[in-house]
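In what follows, structures are represented as structure tokens.
Each of the two complexes below includes subunit A, the first together with subunit B, the second together with subunit C.
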Partner chain A sequence: MMDLQQALIERIHLGDRGGANALLDAWALESGYEHLLAEVLEPALLVIGEEWNSSETFTLAQVYVAAKVTEDLLGKIVALRKIPSGGQPAKGPVLIGNIEEDFHALGRKMVGTFLRAEGWDVHDLGNDVPAALFVDKAQEISARVIGVSAMMMTTACNIKRVREEIDQRGLTGRIQLAVGGAVFHVCPGLAEEVGGDGTAANALGAGGLFERLWEQSIGKETGK
Partner chain B sequence: MNSMERVLATLAGKPLDRRVFAPVLGLYGARLTNCPLEQYYNDPAAYTAGQSAVRETFRPDVLCAPLAFAAIGAAFGSELTVLATESPNVRRPAIQSLEEWDSLVPPDPEKHPLLLYFRDTIRLMAAQHGSEMPIAMVIPIPMDIPAVIMGLENWLGTVLFDPDGAKRVMEMIIPLYVRLVNGFFAAGATFVAMPCGFASSAIVTREIVTNFTRPILAKVLAQLRGPVILHNVGAPMLPYLDLLTGLPSVAAYIVDQRDDLAEARRLVGPDSVLFGGLDCTTIGQMTVAEVDERCRAILEERRHDPRFVLGTSGPDVSWNTPPENIHAMRKAVESFGRIDA
Partner chain C sequence: MKSVVLICCAVLQAEVESLCQTHWPDLGLRFLPSMMHMHPEQLAVSLQSALESELKQGHRVVLVYGDCCARMTALEALPGVARTQGKNCCELLLGAEEYRRLSHEGAFFLIPEWAHKWKNIFVKEFGLNRDNATCFMQDMHRKLIYLDTGLTPTPENRLRKCAEYCGLPFEVRPVSLKRLQLAIEDALLRCSGAGAPV
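Moving on to the complex of A and B:
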């Protein structure tokens, strides 16, 4: 299994989407698609995320390839109705979107793909989302985590309005605010400054962050 | 020495009365003149007034023409959004997939109003300041342009998975780009700075730079009628800097604040000008003392480098940056005094 994961990482590192898909298909032919995500792809994505974060071995292009390979696999699983947990996403629902006045969609889309691969029920609101809409939608679908993306300092500051909406509606703690985007990488402390409950080093770290925030939300509600 | 003399002496590696000071203050001019950005990025006179205010307030050695390349996407049909404190952004790309590429009509650089804005602004700035101040135009390398026409995701996917499609795209972009940039030089741009997204180790692989970016860049640069500065685009430049040396027309490099300046100098060689300095995004969060300390540390490290310039890395200096921080950069440069060749 480790060999397959390593081979998959190498294909992604080379930007070889077709080769990565062929490896996964060959494994699925013998073992089925049911466990492919959890046993092969997710561990490989974890390694890529850690390397991208720690040694910058991976580029945006390679992580984009990883996202496309993930999308390809999710597509096959859905087509074959091989979704774990009886066809329903196992986790969530959660919301993601780019904050008002931000139009840099690529990072958000990759976050959505990687979250779905980890079983989250992801609702993507797209670009240029007003603060109130984030919270309206979160209440409507009972999302415990809102993930808000911004690329630049000025648009990141607009995330404060989401914080205010959450607090003004008495939802502090119940709805957790995840923040991310390029600017958070270069400005340590910005996540706290805009009122975020947490951030991840990159798109591949979003799953772990959402798990933690989801637990925090439940803890707030149950008092544990 | 005036700024033009100082910059020319830096290019030649000759003695200077003081180090060149070149922060990117294109956007900041609108703050100084209290000009709405919708007007600033459409009216050459308004932009030029902003740069006059930048010159008067901070006395930099280089003035920047509009850093607003989303407008190039808009000239192809992309929808723009004008923000209160940022240069325009693409709200919706002109096309949503490569399949639509062949239906695009490329804009004429000599006729399209959004592209004429750049040229007319450079002309006005050069008329008012150009005898004493270098005018820098900023436009990304040609391989970055399709991202503002079809969106970064589509363009990245095309480069990665459809080489023939990427070639078709560049066949339309290259001649337009050469005409556009040579128009900037003809209007009075002293040099053109090119952020290198598709040559950045944060964005693409070394193989893409080697096999896609560099060959096209070499072909384009050979057709340009003026000096070019390759720019870090807000990410470390060192990992691929070796792939960006030896290119025609390139006179200088603006590296990232995280790059090792001595290593950058080693890679680009002694004859190229090297810009280094503070990050334009975070300079506004620093105290004056921190700005002063950081600038002095950089200047001390490069004390014996006659072709080093103190500036800012990344795009424009952020709107919210306190003016005191920019003054602190200049004062640090002035306090270092003469530079011997």
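Moving on to the complex of A and C:
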């Protein structure tokens, strides 16, 4: 198993999406797709996530290919009905989008892919989303977590409006605000400054963050 | 009267030099490599160093930049410093409204200086081979738009090759330098105190 994980990481390092998929398909032929996500891909992604945080040579292509391989695998698993499908994800509905005036979609799309891989029912509002629309939609679909992405300082500051919308509607705590994007990695404290309830080191950490915020939301409602 | 220096991203070098020749022949000019945009932390260090050396000489400074690194907000807040108002260089040329409209149409913008380096950026900086580039660009965008500022011949062949590599159509959009000129004029006023002549 470790050999397969290492080989997969090497394919992703090379930006070789086809090669990575071929490795996973070969393993699935013998062992099925059922455990592939948890036993092979997720541990490999953890390693890639750590490298992504620590290496200055990690390229956009490597990050992108990791997300696409995940997306490819999810598609196969769903097609084979090996994980809940047909609109019945294992976890609840969550919302993601780029804040108003922000058009850097890559990070948001990767977050969506990795959240889906962990069973969340992801609703993606796209780029340049006004604050009120985030909260309207969250209320409509009963999302407990809104994930808002911003690439730059100027657009990150627009996230404060989402915080204000949540608070003005009396939804503080009930709807949790996750924030992320390149600028948050280099500006410690910015997540709190814009009113975020939490952030993650990268897209691969979004699953853990949303899990924690979801629990916080339930805790707020139940008083625990 | 203290002199003013423009510290600019070289992505707009031809455009800024052209405007300066016509409107502000006495301003100092300093350009930093546009490829620093790929490494925002290096850009922040270089910008800070350039800025400090100008301020030490008693110059006021206009940063002809978008919001290109996380430290930009702190740098532009220094006394005697102002930045052109715009999120990035494309918005400086197009204006906020048009930039937003075209972005919603899925545009990926190419500025002349950048267009000459497209392959280096895609292959070396992004690490995108042709297959990944096509997939990536089609995931994120619907077309390439070359912002033709009219200062150099339109690189049709280069644009065609870039478009093929990305698997997207391209269009050439003429843009005047008027918006950039206004953005610099506004920053000149702000760096020298409200309404003061420069």
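What we mean here is this: the second predicted complex is superposed on the first by the 217 of 224 C-alpha atoms of A that agree within 3 Å, B and C clash if a C-alpha of one lies under 4 Å from a C-alpha of the other, contacts with A are read in each partner's own complex, and residues count from 1 in each chain.
Note that in this section a residue touches a chain if its C-beta (ideal position, glycine included) is under 8 Å from a C-beta of that chain, and two chains touch if they have at least 3 such contacts.
Everything numeric in this text was worked out from a predicted model, so none of it was measured.
Engineer: Overlay done on subunit A, so just call it for subunit B and subunit C: clash or fit.
Structural biologist: With subunit A aligned, subunit B runs into subunit C, so clash.
Engineer: Touch test for A:Val183: subunit B only (first), subunit C only (second), both, or neither?
Structural biologist: A:Val183 contacts both subunit B and subunit C.
Engineer: Tell me the contact category for A:Tyr64 with respect to subunit B and subunit C: first, second, both or neither.
Structural biologist: both
Engineer: Return first, second, both or neither, reflecting whether A:Lys91 touches subunit B, subunit C, both chains, or no partner chain.
Structural biologist: neither
Engineer: Please identify the positions on subunit A that touch both subunit B and subunit C, taking each partner from its own complex.
Structural biologist: In subunit A, positions 15, 17, 59-62, 64-65, 68, 101, 103, 105-106, 109, 127-128, 152-155, 182-183, 186-187 sit in both the subunit B and subunit C interfaces.
Engineer: Can you check the complex and tell me which residues of subunit A touch subunit B?
Structural biologist: Within the complex, subunit A touches subunit B at residues 14-15, 17, 56, 59-62, 64-65, 68, 101, 103-106, 109, 127-128, 152-155, 182-183, 186-187.
Engineer: Sort out for me which residues of subunit B touch subunit A in the complex.
Structural biologist: 81, 83-86, 89-91, 151-153, 156-157, 159-161, 201-205, 207-208, 234, 236, 279, 281-282, 284-285, 318-320
Engineer: Where on subunit C is subunit A touching in the complex?
Structural biologist: The contact residues of subunit C facing subunit A are 40-41, 67-68, 70, 72-73, 87, 100, 103-104, 125-129, 131-132, 135-136, 139-140.
Engineer: State the interface residues of subunit A toward subunit C in the complex, per the touch definition above.
Structural biologist: So the residues of subunit A touching subunit C come out as 15, 17-18, 59-62, 64-65, 68, 101, 103, 105-106, 109, 127-128, 152-155, 182-183, 186-187.
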